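For clarity, chains are labelled A, B, C and D in written order, and residue numbers in each chain start from 1.
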Amino acid sequence: MLRGLTRAGMGDIESDEQLIELAGQYGFQAVDVDVRGLVERSSAEKVKELLERNGLVIGNFGFGVEWRTSEEKFREGLSRLAQTAAAAQAVGAKNCCTYILPSTDQKAAHFMALATRRLRTCAQILDAFGLRLGLEFVGPHHLRTKWANPFIWTVDETLDWIDAIGQKNVGLLYDSFHWYTNGLTVADIEKLDVSQIVHVHINDAPDVPMEEALDNGRVYPGEGVIDLTGFLRGLQNIGYKGAISQEILAQKKPTDAPEILAQHSKACFDKVFGTVGL
Amino acid sequence: MLRGLTRAGMGDIESDEQLIELAGQYGFQAVDVDVRGLVERSSAEKVKELLERNGLVIGNFGFGVEWRTSEEKFREGLSRLAQTAAAAQAVGAKNCCTYILPSTDQKAAHFMALATRRLRTCAQILDAFGLRLGLEFVGPHHLRTKWANPFIWTVDETLDWIDAIGQKNVGLLYDSFHWYTNGLTVADIEKLDVSQIVHVHINDAPDVPMEEALDNGRVYPGEGVIDLTGFLRGLQNIGYKGAISQEILAQKKPTDAPEILAQHSKACFDKVFGTVGL
Amino acid sequence: MLRGLTRAGMGDIESDEQLIELAGQYGFQAVDVDVRGLVERSSAEKVKELLERNGLVIGNFGFGVEWRTSEEKFREGLSRLAQTAAAAQAVGAKNCCTYILPSTDQKAAHFMALATRRLRTCAQILDAFGLRLGLEFVGPHHLRTKWANPFIWTVDETLDWIDAIGQKNVGLLYDSFHWYTNGLTVADIEKLDVSQIVHVHINDAPDVPMEEALDNGRVYPGEGVIDLTGFLRGLQNIGYKGAISQEILAQKKPTDAPEILAQHSKACFDKVFGTVGL
Amino acid sequence: MLRGLTRAGMGDIESDEQLIELAGQYGFQAVDVDVRGLVERSSAEKVKELLERNGLVIGNFGFGVEWRTSEEKFREGLSRLAQTAAAAQAVGAKNCCTYILPSTDQKAAHFMALATRRLRTCAQILDAFGLRLGLEFVGPHHLRTKWANPFIWTVDETLDWIDAIGQKNVGLLYDSFHWYTNGLTVADIEKLDVSQIVHVHINDAPDVPMEEALDNGRVYPGEGVIDLTGFLRGLQNIGYKGAISQEILAQKKPTDAPEILAQHSKACFDKVFGTVGL
């Protein structure tokens, strides 16, 4: 399993290029970045060199399609997707992801029908470039009632949705925060087949009742109450070998310098990865 | 367009065989019957002879898969579907249908995901036998809140769902009662392509506010307030040539003899079909 | 049915803009042009104005994906397809097409598997923009053995392939030349459902044995031996209302001025459309 | 990886029940049997007991659909498939398989189109019951020209076909004989993801030139020239944990008693599984 960084939790990072350098410097093995932007600012060749020089692979390359609102917005995103996919393929990236809000102001059933068709089309395009799409179920309880109608938030619902989408390159983005706020156990991870997991996020929850954990109130791995040892052990047991990317969503960006935050993140990974012998 | 009968509105019909004889006797051209049952009680050859002798084709041959409840029930239905389809094909039937309840006690989005997959599998089996599946949107307002969560009930939602199912042999069952209770117009019919319509039901609504029309409070065509001339004209204008089957759902079965009811139905069809020159 | 023009048979046409002006001038109702190019050279708004001013709709908007060779070429085309589709939608175009060579130097079965997946992905993208894809079966006998392995060339094979592709927005491009060189009859057209036809080409064959008719040896409608009256009558009988675009493939471009050729084409259409009362 | 038996190579086995008893007696862990027949002759409950008492799981439960010939034959098989699947699910079986003949008397491309649609429908039905379908590529050179037109026989072609079928529950049946006759290496196995393999067959080839190895001229594992250690090592390295079923196709059934043959098979497995520490 690869130690991964995203910009969430890294403070005032100015660019994905800076994130890559920092990730390399502090021993990370994967980054979640906007690959298309990187490639457009230089070239696929140079992005590959940058990644290699820093000992990194891409965790999540940036999906970039808005499938949740109007058909017009969806089509705009779709117009760019094949080019994003071409950029991703050119630098050896494999996976992108999108999150599922657990409630919606649209009629839930109708929105599910629209979203099923839209994500199937996206998955087919990604598949043409050998890429996978991970759907992130989102657990925090406050989001389940934030919009008028409940949508879906459990692993089982998400797997059923993946079956409805019906493309083999669609799987889960499994985030420790959503595992925790769904009240799931290590056994729930272990009953999955590793091929169902496209990407993993790691972060921790503060010591508040689980039902009150806020989506943007996350803390660094090992600094909260989530059983991250169990989480990682479960993934290890089913043979997961991909990126585990830190994603610390918070109401305020941390003010420390990115170097300090990267060093801190490294220490957090050392601790929680150490508990499972990594 | 073919004059069609179902058992709904025909009182104490004892068998599909009896319905077929009556339909033939009173000049109908199509019947909606349980084709599998008919074939199992005699043979495909004899059912074809019976239909031909009575000048009838099959409108809706009886889908018979319960896709709305548990996976177990669904699988039971699926186990029989290919045989039903083989029976239908053997007698020259083309279309079957299923209705969509406008609310559900299940979580609406999750149910939509499950139902999308289930109906896709059914449609694929039907397609192997050259058959089509019509989805009936259900308009009455009281059913929209009968169960805990709203599902879908409009034509547009149903067409979006058909896109999500993604099989070309899925279309609409268009019922005049649901057209009326959805507040639709002739123009709404005319913007469809005829290939989107698998089957049609005809019946009328009593003179109560449209929002109060009850699903099982229907009256015979021409005896209520629905603009059936407009309904038929719209279908005619887009080139619909299939069955238009009477379906009089009511709280109590009519007590007249089936012969009287068939004669009455014929008179109703004479009247409303007459207004569009048929 | 709409009288349509393509550049094939129009001599030294310099641009699609010129084709549009000529088509308008000579009473045509549809043109097959590279819509994406048109939009990129001006704007969707201006292209729509240009079409309206000339009384034209788009017949075939230019698919532009090379699905017959390498995966790399396919992906290049795919990268542009959503943008082409967005341009087409913006000007109200509905249909694009691609032809199927009847033999191939690739292993036929493997190529069929690759092409099925590729065209399915394309069809899904087009469907997101409400567009259809027509597959053109190609009948001339000399092409069936031009490359090492026979592929497919009949209507029935093409319809079976469309079923394998499995997207409802895929249908036939029906060309009178391929109808003729396949030895088909009016009854073969009449057994189709109009929804299976995406686009139509019209042109004629010289008075040589049918087996010797060359793909690039076509003549103007009415100047050859094909029963174009039957062809048009068949399409009329099933309710086809779309474009019928002239496509005169020839070894040498005609040397007359485009105005002369447009006038000649008009006379040819007058003659053959006249035989079916259009 | 589980030691598995099929009836091929077991001489005059009278029934699947006998095969199960023998397999249990000689320490096998999986059997390939006609699960539907077993269940129909007793009950799912009793079949499960029989398997448990003998320490066995089902390797391949018997697909039973003829997708290679006429549409009628296909539909007949399809009519039974959901019931076969229900029986398989009831006894905890997971996988069934079908082989791909490397040549065909049908037009290869057209047959590929038909077969793609047919197997997709089958895969959808199987998926409804949580089951997988393995496609067996068939390598022997003499079969590539046995019928008029080459079809497909390589792993890569088969994987491309699986993509065309487009259902996530379709994968490979990987047979050591076809691995060998395709000239494949351990690296070819190791570049697969384990989720692509549904089932495995093991058997050996006599010491003749590889191009002359006959499909029905196989010998017991370890008694021929195939590098079965490499074959098993490759599967082990990618994490395969399913059944590896012996299948000794031969022109004449061995005449020894089934007990003798089971004992011999056990000795063969001891030898080759021993070389990889199993």
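Quick notes on this one:
We take it that a residue touches a chain if its C-beta (ideal position, glycine included) is under 8 Å from a C-beta of that chain, and two chains touch if they have at least 3 such contacts.
Quick caveat, the model's predicted, so the values are computed rather than measured.
The chains that touch both chain A and chain D are B, C. Here the chain-to-chain distance from chain A to chain C, counted in touching steps, is 1. Two chain pairs are in question, B-C and C-D; the one with more C-beta pairs in contact is C-D.
For the pair chain C and chain D, the distance between mean C-alpha positions equals 45 Å. Between chain B and chain C, the centres computed from C-alpha atoms are 38 Å apart.
Along chain B, residues 120, 127, 163, 166 each make contact with two or more other chains. Across the interface of their complex, chain D is touched by residues 104, 107-114, 116-117, 120, 149-152, 157, 160-161, 163-164, 166 of chain C. Only residues 127, 163, 166-168, 193-195, 239 of chain B touch chain C when the two sit together in their complex.
Across the interface of their complex, chain C is touched by residues 74-76, 78-83, 85-86, 89, 118, 120-121, 124-125, 127-129 of chain A.
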